[in-house]
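Look at the two complexes coming up: chain A is in both, with chain B in one and chain C in the other.
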Partner chain A sequence: MTSPAAPRERPLTPRKLLAAGLGLVVLLALPTVLPTFQTLQVSYGLIFGIAALGFNLLLGYTGLLSFGHSAFFGAGAYMAAFLVKYAGVTSMEAFLAAGVLAAFATAAVFGVVCVRYTRIFFSILALALSQVLWSLALKLFWVTGGTDGLRVPTPTLLAGALAPAADKTAFLVHRYYYYVLAVFVLAVAVMWVILHSPFGTALQAIRDNEVRAEFVGVQVRRYRYVAFLVSGAFTGLAGALWVPLNGLTTPDILYWPFSGKIVFMAVLGGFRTFWGPIVGAIVFNYLETWAVGFTVYWQLVLGLILVALVLAMPTGLAGTASLLAARLWRR
Partner chain B sequence: MSLLEIRSISKSFGDNRAVDDVSLTIRAGELLGLIGSNGAGKTTLVNLISGFFPADHGQLVFDGRDITRQTVNERIRAGIARSFQLVNLFDQLTVLDNIALTIFAREGKTRHLMALAATDGAVYREALDILGQFSLEAKAGMLAGAIAQGERKLLDVAVAYTLRPRLLFLDEPTSGVSSREKAPIMDIVTSIVRSQRITAVIIEHDMDVVFRYSERIVAMHQGKILAEGTPDEIRRNEQVTANLLGAQPA
Partner chain C sequence: MDTLVIQILNSLFYASILFLIACGLTLVYGVMRIVNMAHGNLYAVGAYVAAWIIGLVAGWMPSAGLFLLILVGAAAAAFAGAVLEPTMLRPLYRRAEEYQLLITFGLLLILEDLLRLVWGPHPLTASALSDTLGSFTLLGATYPGYNLFVIAVGGAAAALLWALVYRTRFGVMLRATSQDMRMAAALGINVKQVYVQAFTIGCFMAGLGGAVVMPISGAVLGMGVDALILAFVVVVIGGLGSLEGALVGALIVGAVRTLGITYFAEIELAVLYLIAAVVLFVRPAGLFGRA
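On to the complex of A and B.
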């Protein structure tokens, strides 16, 4: 019998496939039943879910806590904005490709320095490097628009097959929602395969015991570097998806509190499970939106709620749900 | 025929000379016991040979090739593997995955990002076969961190064995287990090592274990080699008796 606290995902079972299928059906149906504002929130949640999924490749599966993922999200978002401003490109596929490439290149540079270290040293280095990008976005205002940021209009989808509608909101809650959902499903599938590949097992071995991993022939630093690249690329993909929805990118998304948000999404949902960061991203986004509308002291309210949730559910929302489901199943 | 030649190897930590100008030949196919009191330099010597840290001076020649400056990975590829004094496993992976991962690493498959590990039937069949050899097949689905200490010791050796080594270092394979469990563990390990004709070095504190299972014994004291010979020769050696054994083992 396997311990119920097993942090590793079991292979895909029929029950899990059914649950995933049901989840997908619900997500497909949401725009037809939810008000516009709520559908937009789901889109944001799915996009942050991709970012948290990428982040969790490092935290949950490699044992590296990055406080610098705002850099990759921002690289993806700003690259899409640059394409609009300097090349007149409005193709969403170009945004995604360029966003992923920009985040990948950023991770390739940061990773050379960061993966030499672990624990707090890794975290602080990632944070420090991300703040270099933030200060560049702030100071190079003639390129980046400074604090005003850069506007990104509604893009064309599927190589121009779906042009932006006159009603921007209708476009975002229907066509763009389904586009985001399709990219989300693809990103989840790719990450699931990576985590269940021999490479993914090697990352978990590094997380558990890097000395032994080295002594079975896993080249620890090289694998950490590849994980860093993949993690950065996923987060950059999220940034490129986010910017047309938001319509604007500013240096705020490169600032360290945004990295903190991604960390919190993973912790809130449960970084020991595959689905946890996605659940955490959706719930965090809703909580933040609700708190902002509830009071001007929204940071205080949000902070108290999050602290209470983490203290009450140390394994996160998904981890707690799994434990409860296991208990119910045994009865 | 020598498999490993250790030539005048030394390692210091600050003022402490942990291994002091040690020369030793390990012959192919033998089961060598390495004994010594705490701080004698046994584990440091194994760490130097396995590449855990570099030697200050000296040379290591494995199967005719100088491996002194090789990385851990290169030494593994050459055929050197080790287990650890303190059990070193992937505690949050299953027992089966501890072995499967080692096979993936041995075969260079851990570079594969877009292939599902579970679909590689050959790897999991071999992993189950290895667990069977170590009497661990019933524990295959458990987390490595959740099995008993004696089983963890066996799994630690099984992980090293999975690398198909030609030279296997067993660093205190029975430390931390009850005296009742020691003989079954050593019986399993030595029978596998002998049947596969693997050259093995047992580093042990328990003299009963070393004298019972080793064909040749090397005694270390204060970073130097004190004596080497058959178990009977070591048992009769006055220096060894005075410094290490005290009362002779029964």
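On to the complex of A and C.
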């Protein structure tokens, strides 16, 4: 197995901090500049960014390619919908907490089976298990609404301090956008801390050389299990955050091609970097919206892009950008 | 009694289709160590091409000839495989496994839409074929003759594949490549050629499965993706890379599906995965897998 330039996460340098700060300022200013539709797209992109970030803890940092992350995203989304339907709760904080918990519990069960395997077996098992949830969501229609899915109204934010406005769109592009952004920043910060902790370093050691990591004293399977749990929880958080924006949750988000989309995002951005999957998620969301709007054969367009990426640009957008930057620097 | 006979025949019917899909998946993995996510789409290609060509000639061709046209569907899938392996997969053998999986996922998306592009969003079918065989009475149970034909095709395909792999010179080369690719290359086997041939055979089997099931379930968009998931369960139970495993896995999954449709339709898929999970706990490499 070849791993070109496997990254060792470096500490925060002033320059990185500056870049992150600039990015944040741009994100904060966006709703005032962009039209409504574009702002919504950025929200979607940020949410998928959280999902891809969680996914990449496994692919980029532990060396496990999961084709089953739709299960966690769906667990988060459906849990929020269940809260509305069965408990009458409309607090966003409750959605997030319950969504993360549901995804965490799902990961705890799936992980027991999946983490025993690596490589292709891990991918297939994660895929297969996620399809159990999909089939249940589809078939137990009296609980989940079947193909119609479940509706989720706009929630109250911050324990009722920000009640949903009368105009739903205005609420989504303004208050909810900033809410998503805040959760996003928090999630990125937490992931950054995780990856720079001894735990994160151990995961990278496992990715680079499992046998050596085991000899050094890393309990490989336990670390993988914990990484699986954390990864699932992040993706579940994204699912819960996504539901009010979309207004509806359907079994589509549990179906495995949705997992494929999350994989696509990470590869598009570059799964060997920290920021790659986030960039990939935002770009992918635009790409998909554009392709769907412009042709019914959007899958064909996305497939061709994926094939071209794998063949010609395996390090993704972030990897290629840093390669180009390095080349320019040298000149 | 007659319900039992019908249930057994239904199980065998499902098992035949599942085996035709899963044997190609497992053969390709056994030889090339690649899990082809687009495999289900080649099954769909077989179905679409067969439905299309049978629809073209059904008016004037005797029905016995129509049965031979099923092979055209299989050949189309085989041709697609023979083109895809050298162009798409070969550049990636030296790269990390993730990329191989990713490119087959890209192919899945492309093939899915190509089918829609060529044949449109509406299902195709050729029920003329399934009607010609009428139905048989077997031990007091009435059963469609075409389903018996499918069972026969599945059985014959399994026997022929077994003979090919274990009783021919080509089979020896195939197994040698599967066990140790570099040693096989050192001994003078043209590994590149074996790869193309194995991939083509795998796709042929998938195409045959699609073509043979088409008169019953039709050629529908999305059929490949659904079939792929079931084929995964089959090979996970049987052991990825083992043909015997694919056969036994197909029989198990076929039986569970038949029972599931009758007794627990809501949780049928969940039960299948539960079985797969139990098998993996007891035998991590699957029933017939190598560790």
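The rule we apply is simple: the second predicted complex is superposed on the first by the 320 of 331 C-alpha atoms of A that agree within 3 Å, B and C clash if a C-alpha of one lies under 4 Å from a C-alpha of the other, contacts with A are read in each partner's own complex, and residues count from 1 in each chain.
One rule holds in what follows: a residue touches a chain if its C-beta (ideal position, glycine included) is under 8 Å from a C-beta of that chain, and two chains touch if they have at least 3 such contacts.
This one's a predicted model, so the numbers in the text were calculated from it and none came from an experiment.
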Partner chain(s) touched by A:Glu214 [first = chain B, second = chain C, both, neither]: first
In the overlay, answer first, second, both or neither for which of chain B and chain C A:Pro257 touches. second
Touch count on chain A, higher of chain B and chain C: C
Applying the document's definition of touch, where does A:Tyr223 land relative to chain B and chain C: first, second, both, or neither? first
Based on the superposed arrangement, let me know which partner A:Tyr61 touches: chain B (first), chain C (second), both, or neither? neither
Touch check for A:Gln131: first (chain B), second (chain C), both, or neither? second
Would you check which partner chain A:Phe104 touches, where first means chain B only, second means chain C only, and both and neither mean what they say? neither
After lining up the shared chain so the two structures overlap, which partner does A:Tyr117 touch, if you call chain B first and chain C second: first, second, both or neither? second
I'd like to know which partner A:Phe199 touches here: chain B for first, chain C for second, both or neither. first
Footprint overlap on chain A, comparing chain B with chain C: 1-3
What part of chain A is in contact with chain C in the complex they form? 1-3, 59, 65, 67, 113, 116-117, 119-121, 123-125, 127-129, 131-132, 135-136, 139-140, 256-257, 260, 263-264, 267, 296-300, 302-307, 310-311, 314
With touch defined as at the start, can you tell me which chain B residues reach chain A in the complex? 50, 72-73, 76-77, 81-82, 84, 88-94, 97, 100-102, 104-106, 109-118, 120, 141-143, 146, 159-160, 162-163
Where on chain A is chain B touching in the complex? 1-3, 6-8, 11, 190, 193-194, 196-202, 204-205, 207-209, 211-219, 223, 226, 230
For the complex, give me every residue of chain C touching chain A. 29, 33, 35, 88, 91-92, 94-99, 101-103, 105-114, 116-117, 225, 229, 232-233, 236, 240, 265-270, 273-274, 276-277, 280-281, 284
